[in-house]
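See the structures that follow.
Next come two complexes built around chain A: one with chain B, the other with chain C.
Up next is the complex of A and B:
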């Protein structure tokens, strides 16, 4: 793993730390006294703040997870060079697309 | 911990014969009061089978040439007492892990030493031979870091112990990176950037998973994992410095 990938994985982890805490904190706070899907969507639909929070989260996860799995594929399956990078880009794209679809689903009006 | 021997007078020893392909050959060796693993290997070569190949030089833990796998653990055989490693009167001796086997217990150390060069663990002088000798402060922080790794005897025990080397043949390994860290912190080293660049490539320090087998098995109780952590820290700092 080169320095650039190492830094991208560490920086994406730094971005994820406060977002994970926020995500879990809001979840625990919001369900006190019960909460329905309609109530959640009522707060997230059309919210630029929640789009920014979860959009950033998904982008950071895609970078972080793709680099981590790239290392696993390299060390466990012996993938190298172009095949390894192609696999990592594919994982990145998959996570990003699926994540962004979910973000769009809960924040789009 | 001293283990009771199954047979008090003799031990059974399985020794690897062949190269990448081969098998373990059994030998019966007399148990002596004070006996190292290297003594056992030497006895087999001298009295049981003169075709056995192995490597040693100093016999006192200084040269780093006699390392082998003993019961699956990398050890300096000249300083490993037989009674410490015998299990029910048996031990298994194999060539070092993570290196190509030339024959029997002798491995090809070239990949190990090539990586020392690749990690830029070489001196970049600040002065010429005509300048007066520069004084060093042994208590200086960088000097303490540098000195922490200089007792390395290049035995390759850490390299054989490292699972990251096993899974990623490009990885420079604990010994080479520890030397790079020693050179990096040496105030007489003129080119710190060359060291950081050398350890930031595909096989560089960032591959280390900090599993710590190097520190556990180092016969001189050094801590290459700590040196690698230092390199990661400095390369990360340098990453931002170079961009600003």
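Up next is the complex of A and C:
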């Protein structure tokens, strides 16, 4: 199980490397002159590509954030066993649901 | 009492990686929640985006971009350390990661203001 978490953490990280670089690039590109809902939606609405990119990003970060915080909760707060795993699953679910709502919000027609 | 290993540069790299990870994980639900307004209540999103024009918010965004870049580059160093043949110069790599992150966040801030 521990090896599974370790590998999931590294694989989700590797998936996100190009996505984070892209995200930083888009932020630097888009921030000039301020942001507006129309500008963001003009780029993303109805786009299968942005849906795939951000959907993958959200899935990977949900896994990565949940496992990362699981480690922090274990090492810094001493959480163990069922409580630790329940917390990790709750974090995973929260990030995944909110993230997918956001992806839907900016890409759905 | 300050423990000896905490004086090591790479302990600072570990701490930066952990704190940036925690900060990004705490920021994400807010980030997602705001964006989820885009479809049904774009005026809500615009209200938030106007709020984000304030200097203090831009400074916070600079911090977030730095943390994201530092977590990325620091994580790449960590994975290279774990999976690739050992190379010396880990402290230089960690310092380089911080330098690159500062540069990226600085470029973001210059474009934002």
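Worth a mention:
Criterion: the second predicted complex is superposed on the first by the 101 of 109 C-alpha atoms of A that agree within 3 Å, B and C clash if a C-alpha of one lies under 4 Å from a C-alpha of the other, contacts with A are read in each partner's own complex, and residues count from 1 in each chain.
We adopt the following convention: a residue touches a chain if its C-beta (ideal position, glycine included) is under 8 Å from a C-beta of that chain, and two chains touch if they have at least 3 such contacts.
The model shown is predicted, which means the values in this text are computed figures rather than measured ones.
Superposition of the two structures on chain A leaves chain B and chain C fitting side by side, clash-free.
When the two structures are aligned on the shared chain, A:2 is found in touch with chain B, with no touch to chain C. In the superposed model, A:74 lies in contact with chain B only, and not with chain C. By the touch criterion defined above, A:101 reaches chain C but does not reach chain B.
Between the C-alpha centres of chain B and chain C, as seen from that of chain A in the superposed arrangement, lies an angle of 60 degrees, given as a multiple of 10. Looking at the shared chain after the overlay, A:61 reaches chain C, while chain B stays out of its contact range.
Once the two complexes are laid over each other on the shared chain, residue contacts for A:26 go to neither chain B nor chain C.
In the superposition on chain A, contact of A:10 is made with both chain B and chain C. Once the two complexes are overlaid on the shared chain, A:90 sits clear of chain B and of chain C alike. With both complexes superposed, C is the one of chain B and chain C in contact with more chain A residues. No C-alpha atom of chain B lies closer than 5 Å to one of chain C in the superposed arrangement.
Overlap of the chain B and chain C contact sets on chain A: residues 10. Contacts from chain A toward chain B in the complex involve residues 1-3, 5-7, 10, 71, 74-76. The touching residues of chain B, when paired with chain A in their complex, are 164, 167-168, 200-202, 204, 206-207, 232, 235-236, 239.
Residues 18, 21-22, 24-25, 28-29, 31-40, 42-43, 45-46, 49, 52-53, 61, 65, 68-69, 72, 75-76, 79, 82, 104, 107-108, 111-112 of chain C are the ones that touch chain A when the two sit in their complex. Residues 10, 13-14, 16-17, 20-21, 23-24, 27-28, 31-32, 34-38, 40-41, 58, 61, 65, 68-69, 72, 91, 94-95, 98-99, 101-102, 104-106, 108 of chain A are the ones that touch chain C when the two sit in their complex.
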